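Can you read through this structure? Questions will come right after.
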Amino acid sequence: SSSGKSTSNDSYKSELNQKGTLTIGLEGTYSPYSYRKDGKLTGFEVELGNKLAKKMGLKAKFVPTKWDGLVAGLGSNKYDVVLNNITATPARAKNYIFSKPYIYSRYALITRQGDSIKKLNDIKGKKLAEGTGTNNELVAKQNGATIVPSGDFATSLSLVRQKRVDATINAREAWYSYKKSNSTDGLTYHDLSSEKDPAKIVGLFNKKSTKLRSETNKALKALRADGTLKKLSNKYFGANITE
Amino acid sequence: MLKLEKLNKSFGEHHALVDITTTFPEHQTTVILGPSGSGKSTLLRSLNLLERPESGRYFFDDDVFDFAKGISVKDTLNIRKRTEMVFQGYNLFPHLTVLKNIMEGPIQVLRRPKAEVEKDAHALLKKVGLADKADVYPNQLSGGQAQRVAIARSLAMQPKYILLDEPTSALDPELELEVLKVLKQISTEKRSMIIVTHNMAFAREVADKIIFVEDGHILFDGSNEDFFKTENKRIADFISAMTFANI
Amino acid sequence: MLKLEKLNKSFGEHHALVDITTTFPEHQTTVILGPSGSGKSTLLRSLNLLERPESGRYFFDDDVFDFAKGISVKDTLNIRKRTEMVFQGYNLFPHLTVLKNIMEGPIQVLRRPKAEVEKDAHALLKKVGLADKADVYPNQLSGGQAQRVAIARSLAMQPKYILLDEPTSALDPELELEVLKVLKQISTEKRSMIIVTHNMAFAREVADKIIFVEDGHILFDGSNEDFFKTENKRIADFISAMTFANI
Amino acid sequence: MWDIIVNATPQLVVAGLKYTIPISIVSFLLGLILALITALIRLSSKKGPFRILKAIFRFYVWLFRSTPLLVQLFIVYFGLPYLKLTFIAPDGIKLTPLVAGIITFSLNTGAYCSETIRASILSIPKGQWEAAYSIGMTRSQALSRIILPQAVRVSLPPLANSFIGLVKDTSLAASITIVEMFEVSQQIAAENYQPLVMYCLVAALYAVACSLLSWLQGYLEKVTSRYVTNAD
Amino acid sequence: MWDIIVNATPQLVVAGLKYTIPISIVSFLLGLILALITALIRLSSKKGPFRILKAIFRFYVWLFRSTPLLVQLFIVYFGLPYLKLTFIAPDGIKLTPLVAGIITFSLNTGAYCSETIRASILSIPKGQWEAAYSIGMTRSQALSRIILPQAVRVSLPPLANSFIGLVKDTSLAASITIVEMFEVSQQIAAENYQPLVMYCLVAALYAVACSLLSWLQGYLEKVTSRYVTNAD
């Protein structure tokens, strides 16, 4: 009954790491994209992976690992695809190929309440806490900020609160997710969507997996068409950010 | 003047020294004799506070110390400066050359000027016949050489009492004689000696006073002459055993 | 039969043994005498291959070994099984009890049954007067006790030759006598002995043959009687020095 | 905060029992064997072709001591698949994460511990070797029966350091896709946004495991020192 | 690949010289002093109120050996600001990353090295203490002049292990916002997505630093062993 069966060409399956299985790399430490709840891996990208695999007639297998392991593992064929809030950049395109975007992620700038920093222009020369290897780091760097490495979103907010950095840029969705269960006293949020185009979040493939990539794009298109993508987005982000 | 009163020392169950009361006269050589394991080393080590007896009183010149009450660090250092030990197993410092072994105490403890100490150390090495071994490390010495360095090291401290635990047991007769001469000479200076030995001939030669220990008890405590003409059966046996071995 | 031919051993610049040629007859006790540092220990250690002389030939019964060519591991083990060393510094194994020290060789090297070895070990401990110290660790022994355990340990291996480096230097005369008796008894069994000592009386008592070493050279090599009536001035001096020390 | 702890602890314990503990124990034991072999080869005074073997082991110790453990894990897990050996492994050497982890941790521990063991063997007086040789022991008998039992006493605390260090270094396995205890704590922290609490919690769990090891160390120290008395 | 290396190396070297090397050296020296003090206190047989001091130091060693270094860094840097001590630090203890890093690394190294030093002191025969006491030395003279110079020989390889380990552990400083060498390599890898290449490169740089330390270790071993001859 899965749509994968109905496609005329199953040759993409030869590109799979493990027969009948779509091996998906992700960090598992970034809410609401992928994280652990009650002992189980969950999040937008986890559910998306499951749905994609199902559409392709495959079983999804998730391999959580650090971001550096994700990239290296794709190179040595440890996973078929990486779904980890990755933006397409020219540098990355040299070594990898991308799927069609599945999220258009809006950036947010988080500062201390009453601080003068409000816009992207203001961060030049300021200290911003960003996770190494993230899109946010890229944006902050492009706008002349000094990067202070930080492991995760909560740590970045601690750094801002303790006046150890001036601000942090992150996905708007991360901020909302945080706000749901934590106090944001002393912090302000500035939407950057007017200044900065949303980041196109894509799946990352090994250069050799071209057929797998097109098959994934097909599945993604189908999920978009039948409203699954929108449903997932509403569930995790409280809004549809897949378009 | 060194004096012990009712000194007791146990190792666990083993009562190594029992109610030892005796004196070690100044300017004299006291020899401690006795069979193996009788407690001679333990007695000597107690005098240098390397063993801490459970009870007993220790008189050193005008000072009195009570082992039962414990002896302060300051007093301990003071006593050790006035007594010097030569060990059965030499215990030279392996990381220092022979010369430095001898100089270590005078420089670090007595705080004497280095040049002077070095001169003295060379003289002492000559005295024990090892002038050419000054810059050698202890592990390159033969047993006899090591023991001679140990003796020189203790002489360098110019202590009031020198405590020697079988100082010549590893020396050949020729050198034993030389060391004997050195020790005799020292006994005429203001320092005094207490020697544990198994060599009866040596004891007879050097002792002013003899203490005979067995099983932690003093069986004899008197003059050299009295010892060798004692009528105590045990001691006579001991002496005759020695005599047989030395025929 | 043990024989050395033109054996040479140097420590760096120091030529410790020079062209040593001699024999150590079977069923006899050979005593090595000489001043401190003359090379006695080195000679004995060469027989057990603990030192590797640069040149010379080593005859053991029907086997001939050439030091210049090196001796294989197999031959080394073979020689060591037939010779047993008692060290100046005891070298007991500190992590094993006295009993285990004695049993280690027979069980591990000779592969004899444990029960039998244990029985023998107890008997040997009794022989050296330490029956009650079987379960004690070496660091709780006095010097004399430790040396007696070392002797028992070597006896347990029932070697053809026992090599003793000043075996009685730390023993008191009574026990020296006991050990002497033990050693004399062994000398009548099929094993043979080579003993380094400084005790002339002991040498005179126990030696069949005497070798006198000085500065790495053999100055005398002959019978016990010949040695003590030698006219060699150096040796006569050495003996008389001993005699004075032993008056 | 208490509900976080109550909720997270079982997950952490499961991850600890499943990965952290077994990986540490297996790697340490393998590493110890490797360390002993390495120390013995490096201490040997054998000449000739044996010198090549010594050089190889010296290189091994240098390599694994001098480079970061994380990088070693990376190369073994992600790098070896690129190493295509025509006959042995034509498709590159592909190890499962667990095998890659244990191999790397063992090699790393082996390099460090070999230095500790080497030093402890050197600390045993020459006379002990001689006494062992004199009763006719071979080199390996002397080692196993006389030298090593004494060397253990000196090397126990630094070896325990290595073991305890290893337990915590297993957290690096997260980089080669093993979701061990520390990684689980981070995944949970991503949900509850309380990294400091999660860190303290996971630290407490490590502390439990390491305390057991410290206790074992103390016990072994007592056992191996029963024959020594030291001056104060 | 070559352009990556040519481009990245200078940045890595600068970060290494600016953070990795100074943090390692300063922390190791401070840690060594702390380790020595700790070892001596723990070895002391003093009684009475001194036992409280011993318990404190035992706790310190336990705490810093038993918990992950990363967590220690986190707590010192992020946790201490919450610790508001009314008179001493009413606003919490807020350390700069460098200070927090050096304090934590020193405390951590100190805990591990104290065990090594303790073992090495215990390995010196009792007779050496007695000979030193006999010539009238105080405990501290005996220690500094007689015991420690001999103990150094036994403890050098495990101490070198700790130092070399520390050099690489400084990479954890990234978690408290210090952009040291490893973090720089990660940042570059985040751009070019070639972590394997970057890691090999940074490993090579660590290897250079650690090789210098190994060489120093070998040299010191030779110097401190000049008085020993060992059987083969």
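As written, the chains take the letters A, B, C, D and E, and residue 1 is the first residue of each chain.
Please note the rule applied: a contact is a pair of C-beta atoms (placed from the backbone, for glycine too) under 8 Å apart; a residue touches a chain by one contact, two chains touch by 3 or more.
Per UniProt, the chains are B, C = ABC superfamily ATP binding cassette transporter, ABC protein; D, E = Amino acid ABC transporter, permease.
Quantities reported herein were computed from a predicted structural model and do not represent experimental measurements.
Trainee: Indicate the lowest number of steps between subunit A and subunit B, counting one step per move to a touching chain.
Mentor: Graph distance in the chain contact network comes out at 2.
Trainee: Going by average Cα coordinates, which chain is farthest removed from subunit D?
Mentor: B
Trainee: Where the centre means the average of the CA atoms, what chain is farthest from subunit E?
Mentor: When every chain centre is compared against subunit E, the largest gap points to C.
Trainee: For subunit B and subunit E, what's the span in angstrom between their mean Cα positions?
Mentor: That pair's centroid distance is 45 Å.
Trainee: Subunit C to subunit E: how many Å between their CA centres?
Mentor: One centre to the other, that is 50 Å.
Trainee: As a quick test, compute the distance in whole Å between the mean CA positions of subunit A and subunit E.
Mentor: 38
Trainee: Counting in whole Å, what is the centre-to-centre distance of subunit B and subunit C, each centre being its mean C-alpha position?
Mentor: Distance between chain centres, rounded to whole Å: 29 Å.
Trainee: Which subunit C residues reach two or more other chains?
Mentor: Residue numbers touching two or more other chains: 50, 89, 140.
Trainee: By residue number and range, which residues of subunit E touch two or more other chains?
Mentor: 78, 130, 133, 195-196, 199, 228-229, 231 - these are the residues of subunit E that touch more than one other chain.
Trainee: I need the residues of subunit A touching at least two other chains; which ones are they?
Mentor: Residues 68-69, 72, 75, 151, 155, 158.
Trainee: Applying that definition of touch, give me each pair of chains that meets it.
Mentor: The set of touching chain pairs is A-D, A-E, B-C, B-E, C-D, D-E.
Trainee: Okay, in this complex, where on subunit E does subunit A touch?
Mentor: 78, 81, 94, 97, 174-175, 177, 179, 183, 186-187, 189-196, 199
Trainee: In the complex, go through subunit E and note every residue touching subunit D.
Mentor: Answer in residue numbers: 44-45, 62-63, 65-72, 74-75, 78-79, 112, 115-116, 118-120, 122-123, 126, 129-130, 133, 153-158, 160-162, 164-165, 168, 171, 182, 195-196, 199-200, 202-204, 206-207, 209-211, 214, 225, 228-232.
Trainee: For subunit B, which residues count as touching subunit C in their complex?
Mentor: For subunit B paired with subunit C, touching residues are 11, 33-37, 41, 88-89, 140, 142-145, 148, 166, 169-177, 180, 198-202, 204-205, 237-238, 241-242, 244-247.
Trainee: State the interface residues of subunit C toward subunit D in the complex, per the touch definition above.
Mentor: Answer in residue numbers: 45, 48-50, 73, 77, 80-81, 83-85, 87, 89, 91-96, 104-105, 108-110, 137-140, 153-154, 157.
Trainee: For the complex, which residues does subunit A have touching subunit E?
Mentor: 67-69, 71-72, 75, 89, 91-92, 94-96, 129, 132-134, 137-138, 147-151, 155, 158-159, 162, 164-165
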